[in-house]
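Each chain carries a letter (A, B, C and D) given by its place in the written order, and its residues are counted from 1.
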Amino acid sequence: MNRIESAPLPVPRGRQAATTISLAATFLILVVFFAWRSPNFLTAINLVNLASTLAIVGIVAIGETLVLITGGVDISVGAVAALAGVVTSVLLLNYGWPSIWLCALAALIAGTIVGLTNGLLITRFKINPLIATLGAYSIARGLAFVLSGGQTNLLNDPGFQFLGRGAIAGIPFSLLLMLLLYALFWVVLNHTPFGRNLYAIGSNREAARLSGIRVNRHLLVVYAVTGLLSALGGLINVSQLASSAPRSAVGLEFTVIAAVVLGGTSLSGGKGSLVGTFIGVIILRILDNGLTLLNISSFWQDVARGTVLLLAVGFDQIRQRWSEREARRGQ
Amino acid sequence: MDNNRRPLLEMRDISKRFFGVPVLDRVSLDLYAGEVLALLGENGAGKSTLIKILNGDYQKDGGDIYLDGELVTLREPRDAEAHGIRMIYQELHYAPDLSVAENLLLGHLPRRGPFVDWKAVDDIARKYLALLKVNIPPRALMRDLSVVEREIVEIVKALAIQARIIVMDEPTAALAPREVDILFEIIRNLQAQNVAIIYISHRLDEIPRIANRVTILRDGKHIATRPIEDLDTREIAQLMVGRKMTERSRKTAPAAGEPVLRLERLTRPGDFEDISLTVGRGEIVGIFGLLGAGHGRLTRAIFGADTYQSGQIFINGTPVTIRSPRDARRAGIGFVPIDRKVQGLVLDMTVRENVTLANWGQLSRMGWFRRRLERANTQKWVDRLGIRMAGGVETRTRYLSGGNQQKVVLARWLEAGVKVLILNEPTWGVDVGARADIYEQLEALAAQGLAILIVSSDIQEVLSVSHRILTMHKGRISAEFSRADASEERLLQAAAGGEA
Amino acid sequence: MNKNLLKPAGVIVTLVALVCSAFFALPVSAQDDCPTAKDSYVIGFANLTEDIAFTQLVREGLIEAAEAAGNVELVLADNRLDGATALANTENFITQGVDGIIHFQTDAAFGNVIMSRARQANIPVIAIDIPMPGAVFFGADNYYAGELAGQALAEWVNENWDGQVDAVLMLELPQSGEIPAARMQGMLDAFQANVANPVPEELIFHLDSKNTQEEAFRVVSDTLPSIPDATRIVAMTINDGTGIGTIAAAEAAGRGDQIMVVGQNADPSGQEEMLKENSRYLGATAYFPENYGAKLIPTMIDILECRPVPPSVYVDHVFISADNICDYYPENWPEHCGEVTAEAQATEEAGS
Amino acid sequence: MSEHVASPATTERRRLPVFRLQEGIGLLAILVLIVVVLSSLSPVFLTQRNLLNLLIASTTIAMIAVFTTMLMVSGGLDLSVAATAALTGVVIAETQEALGIWGAAALGVAVSALVGAINGFMVTVVRINPFITTLGMLSVARGLAFVIADGLTVPVFDPGFAQLSEGMIGPIPLPVAVTLTLFVAGWAVMRFTVYGRAMYAIGGNAEASALAGVPVQRYRFIAYLLSGLSAGVAGVFLTSRLYAAAPQAAQGYELTVIAAVVLGGTSLAGGKGSLVGTFIGVLILAALTNGMTLLSLSTDYQQIIQGIVLLLAVGLDQIRVGSLGRLAAMRT
């Protein structure tokens, strides 16, 4: 049998690659612009600074990418990160747990539990993910304040500070950890049945279910992992700051979603890549860093951030439609 | 068929109620290895519910299911699959952003250690695609495939899982005759390997070609199970409907009035080229083409849902520019799309709201609806077209049967007062009884002066309703027939590119 | 105004009640020397926010003081750093029939409307930290509090870095208006006035801390690379949290020994930071929020019982550093301060 | 020839209106429960005065929620409303001297309409996902508000302007009257006008609506425009009420608005929802906030309870509607 529409088919990853390329272009434009405007931008010291401050948003963005690929969204990540930090310090300081690592472990578990709760609300009670995680956000943030009594707590554990501040062979440990997680989840997403199933679920949930994929179980795992990664982000934050505060990571969810979407992951599910997310995270970080180096008022920085998000996503949208039209014309 | 063997599948006295209303009333069905059992019935007869129970989608309220003589419980599709039962739904379920190969093996990706064995994925996909002689690259994205190709992948998917029982719900609805042949070929191969098939179709003419036995349901009850040799299609239809059917007689075509719609060299390269045709007042023109011949795209372009590159559209002799469905509506063109659930209806809106969807301008004053007028007009069309629903015009269209849904879309354009009505595959997924009904309505409308253009891949449909028939092949009009000249063979030949 | 009048339904009744109470207020006060004097009082307290240590200490101090007074019932609310919420809380207080309101709200500009409501209801208001027209002001002299920290920092620089500084980081809170601005200005002015070599304007970096540790961390992390050669950096921060974030950023960049930081508030986390070994947190100006209550409640009772009250009551400010912390907060740091001596306690009393 | 109608559909249909009624009643029951609990805990809660306080305090959210409901019924979403309200206030504050207070208010509302128009343009023409569009716009509008006001809260006091929020129509404060009027008018618009029908049609099935000749993108654009405009109007009332405008005003209101609308039964997927539901949703949140404040409950606990109520209300609703959804799924 002949193909009925005899158009040459694009390579499957081609479309994603195009998005990644236009992202990389955005990235390059920013780098060139900042390098031109600020002599301090491309210095070794600033690059190390950039490298060592990527991890928090970067790691949480991994979880958000997974969630968005399944067609969901999680806006509780910032609250979970804050809760994790608070749990660590409260267990250590108020409850006298013997080791900070044990407390950190408990914090990771707490994050996972919030994630699982999100997953249950979404799968069992069929609550829209935005609303479910909005509720969880409210509750987790509230809990962080209740547990800490609103206090900032110092955590002076040199071993623990290695997590956020240490370096191996000059490379920040948090960056290494983040790269490791990106590699790990890249493999999971692209080369394990679990990862592929996530795309299937986001692409067509009913098809996935009818193909015998345990959709609810997958979603549970994804939200739990996102909770876990958010908690890990919170721990790195605490370690970097050597202190925990319930007010921390305010608005992290929006930064993370912006980075993931910037990276080409679709809010409607089924599409997305960790490579894109990685670049998205770097772009937002560079934007912040560059604008600060240029001594631009923080008020204008908000304006710039929103504008870049709209421009980048808008441009990609137009490019995609244009190339689709081209492809149709070519048929 | 050796009837002394034990059946592979027995469904005994299956009952199912929704909100206290019986949908299935002690329905039994048995299926033997290596046979094709046609499961027939009108929409709402309970076929879907029955197979969804078999697939574990629904839980039965009563009755038992035996596989190989053993009682089984099927709580979810996974259970069914574990027992070798595989469903191919009429509405395709695929992941558009994954590759063909991944879709084939969705939920069953072969692994090496914890990882997906991509080489095996490729190999398996190629193997099964080759089995169907399908030339679809396994790495193509589903999104980039045509509707037909997607369906074929769906069928291959069932093969790939090596099911013992495959349920096919209207598998040929989207297939061209040649593709149907390929499918039947495959089904016979499957039979040879002792796979049992439950085959659901509205195309009764296919049944004798492929089925060994038929089971007929009506109103949630089991009506008959007979070997195919004992029945002809007429009898089957009678059993399904429960009363005598009269054969549609082909009347002679009335003389066409002055041209209402005229296309001149309408072209969009790659889809359709040089299309010139006219549809007169009171005339029904049919365009027959195999799937992918470009006739579907043509209708969308006339209606402004797609663009055309060159050419001109005339309405009543005046050239019109159509860039959007709005322009088309203003020019007096109505369009009944192929997929009424996706493109035709707002399912959660009422019949009234759907009927008046294209005529807000006339039914409102300063943006406020004239409620009484709206209701009255809706009621008028409901009566005239015989749209049936229990709850009156305030019923949500979601709860109407396929035929009635189609009539709602029809009513919308009549309400909008169009001069030309374009229908793309007007009876897709509509059951036998409603089909005849719709044809009659179309003829009546034509008799009242409407110009109707029907585009279809169903040769019977084109033959039975059109006054004049065009065939399309590879985006061009390949032949034209009067009603008297047209025959199944000649149409097929012309549509396949042969000389008329 | 009598809240029992409001209980029966009917908005008109409410209105009549409003008019009546306003009407009769004057003649009644003419009869009695002090119409607002009572046996017991209900006092509304609307906190700035419940999210930060400073305001929590204010609230706790107030609760303690109310209990100590014996005849005061405290009604609590949270202004959530938001003008609309502060106004809603005011209206709630009025509805609840409080005798006086202690308001800790976000911006002087909102004072007009809040005070007009309170005046209509004849309820006296004390404004904490942010002045409101017609309210008794209580709280910090922010500019002066800033000066204390700036001066201490200048002295430290004169002593340790020969009065030389390569860069000044100002961790500000521009979105919160004049109060933090006054603190920052006080710090900078006093620092420049006292340091041996005042710092030129181009070496002063104004950074937006957004009032969080991590934002302070980020902006300082991003600023340090632009001053790679600076080895003597001072930072003045809006509060302890941003100070801690600033130090963390410098340490993370491996430049912990090149920075010295002063802040404001001296809350427990700030105290802990300055007590660290080799701390880069020189100290912070204390506002003693825990003592606000002990002064606020009696002041409010004075107002209600028609005793004269000065229009502004300023709290004491002390620059707290590792050297004098045991004089003020010995009970917080037993390991550092050793046994709390009677002498130290006496100093504390005197200090507060 | 007669066509067969499946029996389950018949019963379903008969049940449908009852179901919808039950949905409303369930929501009302939650509201009544909250009111009963709060009034038993606080003697002040059920006083006229407090109820008016409660209503006045919720006008900002309520005004925006009217138009957010329309937008969400059409399948849209607007996260930028709170920032837009703040921006409007700041524009008024900064231009009041040059333009006079009413001129400034007009300019502020115009700016909010512009923000809405840009959102609409991004969503309908550039076709960026509404979540991202309005998230970006949130950042831009909030940033601009800070830039224009230089971070400061600016007094806006004009007796006439203050009457906007302090005036009374009979026994009802003006902003409450305006809000109620908006709800009633909005309800009528959603039910009886072409615009309302378009919202439901587009949210229900945009493709089918477009193929019926409905100018989908134009109506979408209008919905975003109105959303921005409503934020501006809410900003005007807020500024008038506070005698001042702050660039950080209304922070986080966007989520409260969405919570109220969703609580009221409007689907995030579009096509379903009503202003009656939104009205009850707004009241539930307002009663909760007010009541918990009267009880001196700490904000942390308030936040937790609000989260739980949101999840409970939506979750219970989902469970009840779930059976209906399954039934509908069966028919397709």
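Going forward, a contact is a pair of C-beta atoms (placed from the backbone, for glycine too) under 8 Å apart; a residue touches a chain by one contact, two chains touch by 3 or more.
A quick note: this is a predicted structure, and the numbers were derived from the prediction, not measured.
Looking at chain B and chain C, the chains in contact with each of them are A, D. Set against the Cα centre of chain A, the chain with the most distant centre is B.
Interface comparison, A-D versus A-B: the pair with the greater number of contacting C-beta pairs is A-D. A separation of 29 Å divides the Cα centre of chain A from that of chain D. Averaging Cα coordinates per chain places chain A and chain B 43 Å apart. As a whole-number value, the distance joining the C-alpha centres of chain C and chain D reads 35 Å.
Averaging Cα coordinates per chain places chain B and chain D 41 Å apart.
Touching two or more other chains at once are residues 50-51, 174-175 of chain C.
The multi-chain contact residues of chain A, meaning those touching 2 or more other chains, are 145, 150, 297-299. Chain contacts: chain D has residues 146, 150-151, 298-300 touching two or more partner chains. Going by the touch rule set out above, the chain pairs that meet are A-B, A-C, A-D, B-D, C-D.
Against chain D, in their complex, chain B makes its touches with residues 18-23, 42-45, 48-49, 52, 58, 91, 219-220, 303, 305, 324-326, 328-330, 335, 337, 341-349, 353, 357-358, 360, 364, 367-369, 371, 386, 388-391, 395-396, 398-401, 403-404, 412, 416, 431, 433-434, 436-437. Taken in their complex, chain A has these residues touching chain B: 1-5, 7, 9-12, 15, 187, 191-193, 196-197, 199-200, 202-204, 206-214, 270-271, 328-331. Those residues of chain A whose C-beta lies close enough to touch chain D in the complex are 73, 121, 125-128, 130-132, 134-139, 141-143, 145-146, 150, 254, 257-258, 261, 266-268, 297-307, 309-310, 313-314, 317-318, 321. Against chain A, in their complex, chain C makes its touches with residues 50-53, 56, 174-175, 205, 207-208, 210-214, 217-219, 221-226, 228, 240-241, 244-245, 248, 251-253, 267-269, 272-273, 276. Remark: chain A residues 38, 40, 43, 45-46, 48-49, 52-53, 56, 145, 149-154, 156, 164-165, 237, 240-243, 245-250, 288-289, 292-293, 295, 297-299 touch chain C in the complex.
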